[in-house]
Structure formats: C-alpha cells, structure tokens
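So, here come the structures, one by one.
Two complexes, one shared chain (subunit A), two partners (subunit B, subunit C).
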Partner chain A sequence: MKERLIKIYHGFGLPRLIISVFLLALIIVAAGTELSVPGLLSDALVRIGQNGIYVLAMVPSIQAGAGLNFGLPVGVIAGMVGVLVAMENSLLGFGGFVVALLVAIPLGIIAGYLYSLLLNRVAGQEMMVGTYVGFSVVAGMCIFWLMAPFKNPALIWPVGGQGLRVTLTLADTFGGTLNEFLKFEIFGLTVPTGLLLFYALLAFLLWLFLRSKPGVAMEVVGRNPRFAVASGLNINAYRSVGIVLSTVLASIGYVVYAQSFGFAQLYNGPLMTAFPAVAAVLIGGASTREAKVLNAIIGVVLFQTLLTVAMPVTNQLIEGNISEIARVIVSNGMILYALTRVTGGEQA
Partner chain B sequence: MNQVKKFISKNAVPILFAIVCLLGVYYAQMPGQFLLMEIVKRMARNSFLVLSLIIPVVAGMGLNFGIVLGALAGQVALILSTHWEWSGIGGLLLTALLATPMAVLFGILAGMVLNKAKGREMITGMVMGFFANGVYQFIFLFLVGTVIPFENAALRISTSPGLRNTVNLTRIRGALDNIWTVQIGFTKVPIVTFLVIALLAIAIWAFFKTKLGQDFRAVGQDRHIAGVAGIQTDRNRVLAIVFSTVLAAWGQIIFLQNIGTLNTYNSHEQVGTFAIAALLIGGASVTRATIGQALMGTFLFHLLFVVSPSAGQAIFGSAQVGEYFRVFVAYGIIAISLALHAWRSRSLAKARLKEDVSA
Partner chain C sequence: MSVPVLEMKKISKSFYGTQVLKDINVTVNEGEIHCLVGENGAGKSTLMNILFGMSVITDTGGYEGEVLINGKPVAFDSPKAAIGAGIGMVHQEFMLLPGFSVTENIKLNREDTKPNLFSRVLGRKLETLDRKKMAADARSALDKLGMSIDEWVPVAGLPVGYLQFVEIAREIDKENLQLLVLDEPTAVLTESEAQQFLAVVQRLASTGISILFITHRLDEVMAVADTITILKDGELVSSGPTKNYTIAQMAELMVGRKIDTKGRIGGEKKEKATKKVLEIRNLRVDMPGERLRGIDLDVYEGEILGIGGLAGHGKIALANGVMGLYASQGQVIYEGVEVPLNNPREALNRGLAFVSEDRRGVGLVLEDSIANNIVLTSMQTQDKFLKPGPLKLKDQKQITAHALQSIERFDIRCTGPDQIVRRLSGGNQQKVCIARAFTQNPKLFFVSEPTRGIDVGAKSRVLELIAELNRMGVTVVITSSELAELRSICDRIAIIYEGKLSGILSPDAPDVEYGLLMAGKSLEEVRSGERATN
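Then we have the complex of A and B:
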C-alpha cells in the first residue's frame, strides 16, 4: 500500500501535488464564502477548453527537440486571419467556425513550415529566437491590421473606412458555437460539451499521432539526434513536422479561443499568448526535453482552475484584482524553474 | 576599394539603419530644431542604460535581458526617496546610493540563476525580468498599504491599497540635467548628464584593461579554457551581472529624473527590449559589443523613434503605421540578430566537428 502511494506520488510529482492541495484549500474557502462553487468550476471548465489547445501545441514541438514553442503567436496569427475572414463574410454559427478553421489551418501550415525552416537553422537557440520571432510577427501584423483590405463595417473603424478595430465581438457571428453545442447543467455546474469534446478530439488525435510511426521517429529525433542520424532519419524533416504541427494547433487554438471568449483582440492582443501555455505544460510535468499529451491536459486543468478559482476567492479576502499578478508570478516562476534544471545538453 | 567593402560588410546593420533613418527624416519633414531637441533629450536619457549591457556581452552571457531587475532597484529607490522627500542633486545621489545595495543583491541572485542555465542565459534573463516584475507589482500594488504600512498622499490614494499609477518626481526632476545646460537654438544640452555618460564609457573602457576585465574577456571567449587557466568562471559571471544590474539601476534613475514622472507599473517593462534593440542597431552582436556601437545604436534607434510617426503619416497616410513600425523594428532587429548568432555558432560548431573528424 505504502509503496503504491509512493509510486503514485512520484508519478504525479511534487509541484502538481502542491498545486492540487492549494486548489482544494481554495475551493473549501470559496464554499465558506457566498461564492457559488459550481459557478466557479463552470468558469474553470470553459477556460480549460478555451486554452487547452494552446497547451497541446507545446507537445509536438518539445517532442521534436525544438523545446517550448515560444513562437506560438506565429500560429495564433494564422488563426486570427481565419476568424476575420469568416467575420468579414458574416458567416454565422457552425458555418463560420468551420470556414475560420478552413482558412486558418492552411495558413498555419505555411507559417509553421517557414518558421520551422528558421528554427532548423538555429537549433539549440529555438526558444529565444522563437520568442522574438513571435513578438516581431505580432508587431508586423499590427501594420497589416491597419492596412488590410477588410470592408465589413462591423470590423473596421467607423471613420476613414480602413483599419480593423482593436476589439471585435463575435456575438453576432459564431461566438459560443462550440460552447453552446450540447451544453447541459448538472448540480449547478454548466458543462460546455462541444468545447470539451473538440478539445478531447484534438488531444486524442495528437496522442494517436505520437504513437504512429512518424510520431515515434519524431520523438527519436528530439531525444537523440545523433542516434536518429545513425538510423537514417532526416532530422530537419521531422523537426519541421513537429513545429508545423505545433503551429497548426496554435491556429486551431485561436479559432476555438475566440469563439469561446466571444471577442477577437487584434494588434498587441496575442503578444504574450505563449507564456501561459508554456507555464501550463510545465506545471503538468513536462520538461524542455520531454512532454506527453497527459502533461498538457493535467497542466491546463490545474493552471486554469487555479486562476479561475483564485481570483474571486482572493477578491473576497483582499481588495484588488490579484489574479493577473498571480498569473505572472506563477507562470514565469514555473518557466524559470524549468529553465534552470539540469537537462544535460545546452539548449535555449 | 577592398577597405570600403570591408567597412560596409563590417557595419552593415548601422549603415542600413542610417539609410532607413535618413529616409524617415526626409519624409517626416520635421523642423531640424525639433529633431535636434528630441535627439539630445533621448540620448541623455537612454545612453547610460544601453552602456550597462556591454559588460555581460563581453563576459559571454549574451544580451542581458535581466537589466529589468536593475531598473526595478532604481525605481524602488526612487519611490523611497520620494517618500522621504529627498531633493536636488544631493537627493539624486543619495537615491543612487540607496539603489546600489539593492541592485547588487538582485545582481547576485540573477547571476546565480543564470549560472544554472548556461547556454540559455538570454531566455532565462528575460523570464526572470517578467517574474521580478510580477513580484514588484505584488509588493507595490497589494502589500503596500495593507501589510506594509505606508501613508503618503503623494504616493498613495488612501482608499485603495497600492501606489498610484503615476508618481510625480518633482523634487528629483532634472536634478542632474539642469546643473549646467548649454542652449543651442531651442535645445538645452544637459552637459553634466553627458559628462556622466562619457565618464561611464571611459570607465568601461578602462575596466577591460584591468585584470578582472581581462578575466571577463577570457571567460567570454571560452569558459572551459578560462576555467583551466585558473579563472573562477562562475564567480566572474555573477560579477558581470552585478555590474550590469547596478549600472542599469543608475541608468533608470537618470532616465526617470529626465522624464520627471514615474509610471509605477510600466516604466520598466520595455527597458530591456529597447536598450537591447538600440545596442544591436549600433552593430553589436550577442558576443561582441563596444562603447561606440552602444552610442551609435542609441542615436539611430531614437532617431527612428522620433521620425517614424510623421514618416508613417507622410508615406502611408497614418501615423499609427509609423508607431507600429518602430516597435516592429525593435523586435525584428532582436529576432534577426539572435537568429544570425545561433546560425553562425552552429555552422562554426559544425566546421569544428569536421576538422576533428578529418584530423
């Protein structure tokens, strides 16, 4: 019995144990106040589905040996273009969602491929280069949003007839399509079934891919490049596969995020998307060298629940909105911890 | 002819940016007096911060994105000095003195963390800056006024915890700049500030002639060989970061005394990015940076900053385009130099591997 407990403990890991205990304590405190615990957990479910795909996107890039994908905005931008095309044509409901995906995915593949060509040339420094490539892409796209040929009056500034607005609402087009699909309520807990199903589907497909022949080959390339060369694997090709996959997941992630959140925030909106996702996958037990789909799932559940529950609870206890600061400290602290652990080789 | 070619290829980045800046100046159609005034002001403000990046580059730790920690130390000292109502140049010197032990402490901590992340100092330094920023906000937005008693109408609104979003630094404003100014047209040139910057430049130059400076250089060129030669590499790396952090703290104080108001929660956020972009535009790289490059880069980067909104207005009919363009340039130049550095060091490693095999 004791051995089994120790085994479970080692499998789960200390950081996750601490966070789970802390979460439980928060929920107990919340039950003591006038806050509705099912309400809090409903919000948490929405945020898990909303952010989950970004966290999944970290897995293929880590497995392919390219480290944590700090260049997530590269894919997010492709997703934004998809959402905007659907909105420009005023497509409603599922039609809008599907069209957004159909535009976003090919763009994500192209952007991801170009991004992987760069990352393959800077092997060993992917994280730093990726961060600033992501920042540059976001900043460069700010100019694009100003000049882009969108004509729908709901999207552009009322004066001048050009330039997209900073915040666009999806309420009139396809906001909440997935969240509302098969939504049901149980003991006061609202379950966004469609959103969670879509997330589960992507997680399953990714899990399947990692188990397939190319998936295993990709893992070998990431784990031990020399061995991979000796086995006749094309390192750069498999790294590209991982990076493209990661980028495409980010594009899909944005479409899902936007429909769930209900707003599309352009310009500097996507600048820091990578950081919470990176933190979540690390909290889930991944390292800069190794990640499983399970790490991504545990990570996003713990991290997003923590953020959703912590904010109202702390607001009851102390004044002011501490959630944003808690997010900054927890996520960057976690990244810092992962970066300073000995991982054998030198990688940035 | 060959010499010209060599000069151009060696200084490709600053030459390219000089051309972009000239185009910007041409299209912006700004009055020369205004341009001069802005540039003098911005050079006085930022040069010190950019110079603070040089030592870690030479010590082989790359671009120190962690100077945010130094800037934070400077700001904490400024908040306290405003609270105690220190004023004038004496108050400013006292503030710098107060910031120093804090910056030394932050620098030691940062150096120790970076020693655990060899080969990925830059990303670690950047995340460390974000983390420190979170802790700083936690202290000054929540603890101050609740856990830490702090009553001062200039700094706090008594109805809610935390400091004000903007703090007026009336007592410190221009304390250094206004000691001695020389008027050229509309432009007031703060001679003493420029003297301080010159002094720092000379000090850095002299520092690299000392034994310690040479040790830094050796560590930067090859950590293992330096270690074998009996240099305590880890200790030297921590020291390099401490120097940089302290200089950044002083730099931030100079920056804020020039501006005159402290944006409590975001004055420091872009310190690292903009200083690093300026250094790189001057032609520096991840492994090589000189005083000349730092000053040249500060000049070009801020010239671009001043002219780009008007140039955007003239070329694209929108000042916003220019504003986004300059941010794009700041991020883009960092991305490109990081990529070039990684690319080069990788081909170098490959070439070495081939040599080893053939030998």
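Then we have the complex of A and C:
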C-alpha cells in the first residue's frame, strides 16, 4: 500500500501536488466568503473545455522534437477564418460549428505545413522562431481582416462597407452550441457536457495516434534524430507531421473556444494564445522535450481552475483589482519555471 | 652529460580505478627530438596532460611519480604554470583566432605594449600595443621556421599547413621556451607539408630547443627522432636511441598482442567461403575525421570480417557509408543487387543491420525504455510489433514479451523491460543495441567498436554474442580499434590506412605485418621485407 502511494506520488510529481493543495485551500477560503463555490467550479469546467484543445496542441509538437508550439496563432488564424466563413453565411447551431471546422481544418493543414517547412530550417530554435512567427502572423492578418471580402453586415464595420469589426458576437449563430449540448446541473454545478465530450474525443484520438506506428516514429525523431536516421526514418517529414497536427489542433481549438466564449476577437486577439497553453502543459508535468496527453489534461485542469478560483478569491480578500496582475505573474512564472527544466516527467 | 631538460620518473595514473599509465619513465635532453609512439589509447595524451597539469588530471586525484625540469622537481597545477616553466605545446587542433593577423595570433595575450598618457594615470592595462615590436618579433619567429608568409596577413584563409607553423611560431616566440610538445602535428598535413614541417623541427632542435614529438607515423619517427619511447596500454614497452630500431620492430612493439587474450572467441577458423554477399567498389565516404577515399572490399557469406586501422584513417566510415548514414559515393552490391547509397531505409530494407560506434548518440534513444529501444527499428522498417488493423497501433504485449526474451537471451542486467536505457551500464547498453539489430533478423550485420567503453567482463560477453550470432549463419563485419579483439574473433582482417585498403590479413599473421599495414606499407612491401630479413 505504502509503495503504491509512493508510486502514485512520483507519477504525479511534487509541483502538481503543491498546486493541488493550494487549489484546495483556495476553494475552502472561497467557501468562507460570499462566493458560490459551485458557480466557480462551473466556470472552471467551461474554461477547461474551452482551453483544453490548445493545451493538447502542445503535445505533438513537443513529441516531434520541435518544443513547445509558441506559434499557436498560426493555427488559431485558420480557425478564425473557419468561424468567419460560418458566420458570413449565418449558419446556426451545429451546422455552423461543423462548417467552421470543415473550413478551419484544411486551412490549418496548409498553414501548419508551411510553418513546419520554416521550423525544419531552424531546428533547435523552434520555440524562439515560433514565438515571432506567431506575432508576425497575427500582425499580418490584421491587414487581411481589413481587406477580407466578407459582406455580412453583422461582421463588418457599419461605415465604409469593408473591414471586419474587432469583436464579433456568436450569440446569434453558433455560440454555445457545444456547451449547451446535453448540459445538466448537479448540486448547483453546471456541466457543459458537449464541450467536455468533444475535448475528450480529441484527447483520445491524439492518444491513439501517439501509440500508432507513425506516432512512435514521430516520438523517436523528437527524442533522438540520429537514431531515427539510422532506423531509416525521414526526420523532416515526421517533424512536419507533429507541427501540422499541433497547428490543426489549434485551429479546432479556436472554433471550440469561440463558440464557448461567445465572441470572436479579431486583430490582436490571438496574439497571446500560446502562453497560457504553454504554461498549462508545463504545469501538467511536460518538459520541452517530452509530453504526454495526460500532462496536457492534468495541466489544463490545474491551470484553468487555479485562474478561475484565484481571481475572485483574491478580489474578495484584497482591496482593488490585482487579480489580472496575479494571473500574468502565475502564467508567465510557470513558463519561466518550466523552461529552466531540461528533463520532464518525474523530475519536473 | 648535462642535466636533462625533462625527466618523468615512474609516472602512474588511474582514472576511477582503471590504470591508464604504469611506471612510465621519459627523459628528454637539450636539443633532442624525442618521439613518443603508441596506438590510440596507449596513454600518450594522459602523459602530456600530466606534464601540463591539466584539470582532467588534478580533478581525478592527481598522479604518482615525479616530473623534473632541469633537474628540479615540479608539480604543475595548471597549464599556465607549465608554460611559465618553458614548456610549449602545439595541439592537434589549431588554437588560432581566424580574424586576427599572424602577428596578433603569435602575440596573443603576450602583447608588447608602450606607456601612454592614460596608462600613466590609470595603470598598465591601458597601455598602447607596440605594433612595430610585435611585428618584428613575429617576423623573427617566422624566419626561424623558414616561413616566407607575411606577418600581417589574417590567419583566416591561410592553408592548413601554414596554420601549424603559426602555432609553432607562437611557441618559439616565448623567450624561455626549452621544450616543445608536438601532438600529432603532421596528421592534418599533406606529404610535402609534412616534409617541410619535419625539416623545421630539426632546425629548431639544432637551436637547442628540446622536442617531444607525438605521432604514430613510423617513417616520420625514423626520419627525425633521436630517441624513442614506445607506449602500449599505458605501459612503457621499449625506449632507446632510434638507431636501435627498425620500422618493423617499432610496429611490432606498438601493436603487439596483448598478454591477456584468451584464445579465439570466434571458434575454429571456418573453411574459406566463396560466395560474395557484399561487394564494395570504390566507396568514398565523407565522414569528418574518418574519411574513406575509395575502397574495394568483398565480404563472403558466413564469415566474420574485421576492419582495423588507426583512428582517423577511415575504418569507422565503412559501415556508416554502407548503411547510408554519411554522404558517400561508389558502388555497394548486396547479393548481386546494387544498394542505393545515402539511404538508410534501403539498406535496412535489404536486411542489413548496424550497431553504431556512437552508442549513446546514434545507437540508442537514451530516454526511452529497453523494450522500445529493442523494437523501434523493426517496428518502423518491417511493421513488426503492430496490432492488426489499419491503425497500425503498437502491440505493447508483444513488445514486452519480445523484450523479456531478449533480456534473457542477451543477458541484459536491468530491473525490467521498462527501465530507461540511460541508467544501464555501457556493456548492457551495448547488449541492447545488439538485441535491436537482431530483432531485425539481419543477414548481414555491421558492428562498430562493440567493446568501446565497457568493462572487461561485458567485453568478452559481447564478443561471444557476436560469435554466437555468426554461428547461426549471419555474416558479420566488425570494426574495432582493438586489434587483439579483432584477432580473437575474425576470419579475415582488413586494415585501412589513410582512407584506403592497406591489406587483408589472417588473424594469426605476425604482429609485425599488422603494424606495417597500419603504418601504410603495402602487403608486398611487408612480405618482401620479411624475406630480406630471413
């Protein structure tokens, strides 16, 4: 029994244990204030489903040896175009959601492939290059949003007849489609079943892929490229597979995020998408060289719950609004902490 | 007779319990050229590290014995102290700043300076460089070497041969230089450059500077050395004036069979097979530091072929070239069909397997489990260990079963198939590599440096495994720096010299023939030399 507990503890890791204990303490404190604990947890569940796919997107890029995918906005942009196409045609409910995905996924594959060609040329500095590719793509797309041939008056500026608005609402089209699907309430806790199911499905498919022959090959390429060559594997091809997969997950992630959030924020909206996702997967126990689907799941649960619970609780306890500052410190501090660790798993 | 410039008495050194030097005595007199010869791993570098007080020595518990300079005992704790005592060294790799001029390189960190206004107030650090004096000094150092190059040209772009001279010029510019250590200086030079270089060395010696010359080119030794010390496996096997030796004797002493070789592992020598499995024609492999410059070699079915030679001559490149890991040209024909070069996949698909000399870099995924390391290559190239179905999911049950079987068969000492390979000892890591190669069911098996960096017990076990697999009908090509090892297991041994085949010997050929082939003599010369002496 004792040995089993020790084994579980080693598998979970000390940082995650500390965060869990801290989280529990926060929830207890929250119960002492006038905050509604089930309400907080409901919010947390929504945010987990909303951000979970971005965090999953980190796994294939890390496994393929390209490190954390700081270029997540590349995929997010593809997702945005998908969402906009669905909205332009005023598609409602699941129809809109599915069309958004059908547009977003092929665009994500193309964008991801081009992005991988670049990363394969800068092997070893993918994270640095990726960060700036992400920033540049967002900036470049600002021009596109202004010139894009969208005609639906709900999307474009009322004056001039051209150029998309900064914030678009999805409430009239397919906002909340997944969240509302099979939604139920238990002890005051609202469970967004559809959202969580969709997330679970993607996590399962990714897990399956990582256990398949190409998934194993991708992992070998990431862990030891020279061994991979000696085993007859094409390094750049498998790195591309990982990066494309990561980008496509980001595209899907955006469609899911937008329908759950209820708004699409264009222009500089996706600038920082990568950072919370990076922080989450690292908190989950991944390193820049190794990540499992489980790391992504644990990470997003801990990170998003921490943020949703910590903000209102600190606001209750401390005068003034420092919660946003706290969030920035926590999320960037986590990235910093995790990037200093070379090894993952049991030592992270 | 005057006091010798350098005396090293009874030097012994061990690293973590492994004795690498034992009771070495070296004496170098004024103006003498003393050659230190020995195979790779004979202990030459360790001896020089001791002389220079390198941190690898001091950090691992120092050494035993005594070093005397001009008759006075010294113990250098840093290279700086050794240089202060008048010892200079020219390294195998050039230590020059490419963007600096020849003068600046020669004078680096020993610049001549003259005072100026600021330095009078703020101290010596701010003095101006005395470029005129520096240039003049550099010129005179270069003249001493008979070098015509201008002292102001930048080092970048100079031919390789000249760089070596610039390094020496830097050393002889030091006023108190008494002893110059040259560590395999001719390894990177062409033949004519080497000739010129040796002439310079002799000229230096005639000015009274003592030279300690490290090399394994025996004809150079005969040409310049006054005295010779031969090291083998950390022991001094012979030393004396050059006139007491012939090249053949030196070669024999250098590579002589180790005393502890316990007979043949490879079993009785097999009847000479006649069917060629692999024909290599004019193979050139561009592997840095181990270039192969066109080789023809046949491998016969069922044999164990050894590939030997000194480091840097290209023996390692052969297997790497055939397996497509380094850029190569030429023709490789396996069972009558040409194998495309530069394509590892094709080589693997044809049933060739390879255990790399770079075990931790190429041979293993260190962060992965034993089981995965064993099955990865087969899974990727042969679709083994996959569940049936279009998804090609890995079959963990089958992988574990195979790993357990391999652990038992290859005697891998571990906690279980899930153990991370990084945590295994070198010998057990090597067994994992061999298990991986054998999971591929190869017909032709290349193995490079199978016993490098593993302990004695595991060494013989690994060799036995290779011999056992050969008995099961697998043709083996084994590359090794340890000649004794090759001779204990192979049916034929090919010796590579300067990227070309020097000759093929039977494992029971006399030591002297091996030595001569390794020193670049052809088989005909070897045989005729023998007839002459008999």
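To be clear about the criterion, the second predicted complex is superposed on the first by the 339 of 348 C-alpha atoms of A that agree within 3 Å, B and C clash if a C-alpha of one lies under 4 Å from a C-alpha of the other, contacts with A are read in each partner's own complex, and residues count from 1 in each chain.
The rule is simple: contacts are C-beta pairs under 8 Å (C-beta built on N, C-alpha and C of every residue); 3 or more make two chains touch, one makes a residue touch a chain.
From a predicted model like this one, the values you see are computed outputs, not experimental measurements.
**Q** Would you sort A:329 into first (subunit B), second (subunit C), both or neither based on which partner it touches?
**A** first
**Q** Report for A:139: first if it touches subunit B alone, second if subunit C alone, otherwise both or neither.
**A** In the superposition, A:139 touches subunit B alone.
**Q** Which of the two partners, first being subunit B and second being subunit C, lies in contact with A:226: first, second, both, or neither?
**A** In the superposition, A:226 contacts subunit C only.
**Q** Is A:217 touching anything from subunit B or subunit C once the two structures are fitted on A? First, second, both or neither.
**A** A:217: touches subunit C, not subunit B.
**Q** A:295 in the overlay: touching subunit B, subunit C, both, or neither? Say first, second, both or neither.
**A** It touches nothing on subunit B or subunit C.
**Q** In the superposed model, which partner reaches more residues of subunit A, subunit B or subunit C?
**A** B
**Q** Name the contact category of A:42: first (subunit B only), second (subunit C only), both, or neither.
**A** A:42: touches no partner chain.
**Q** Once the structures are superposed on A, label A:208 by its partner contacts, choosing first (subunit B), second (subunit C), both or neither.
**A** Touch partner of A:208: subunit C, not subunit B.
**Q** Touching A:129 in the superposition: subunit B (first), subunit C (second), both, neither?
**A** In the superposition, A:129 contacts subunit B only.
**Q** So in the complex, which bits of subunit A are touching subunit B?
**A** Going by the criterion above, the answer is residues 70, 118, 121-125, 127-129, 131-133, 135-136, 138-140, 142-143, 146-147, 163, 267, 275, 318-320, 322, 325, 328-329, 332-333, 335-336, 339-340, 342, 346-348.
**Q** Quick one: which bits of subunit A touch subunit C in the complex? Just the residue numbers, please.
**A** Subunit A residues touching subunit C: 208, 211-214, 216-217, 220, 223-224, 226-227, 229-233, 289-290.
**Q** If we count contacts the way the header does, which residues on subunit B are in touch with subunit A in the complex?
**A** 113, 116-124, 126-128, 130-131, 133-135, 137-138, 141-142, 146, 160-162, 316, 318, 320-321, 324-325, 327-328, 330-332, 334-335, 338-339, 341-343, 345-346
**Q** Write out the stretch or stretches of subunit C touching subunit A in their complex.
**A** Where subunit C meets subunit A, its residues are 323, 325, 344-349, 354, 356, 358, 361-368, 372, 376-377, 379-381, 383, 386, 391-394.
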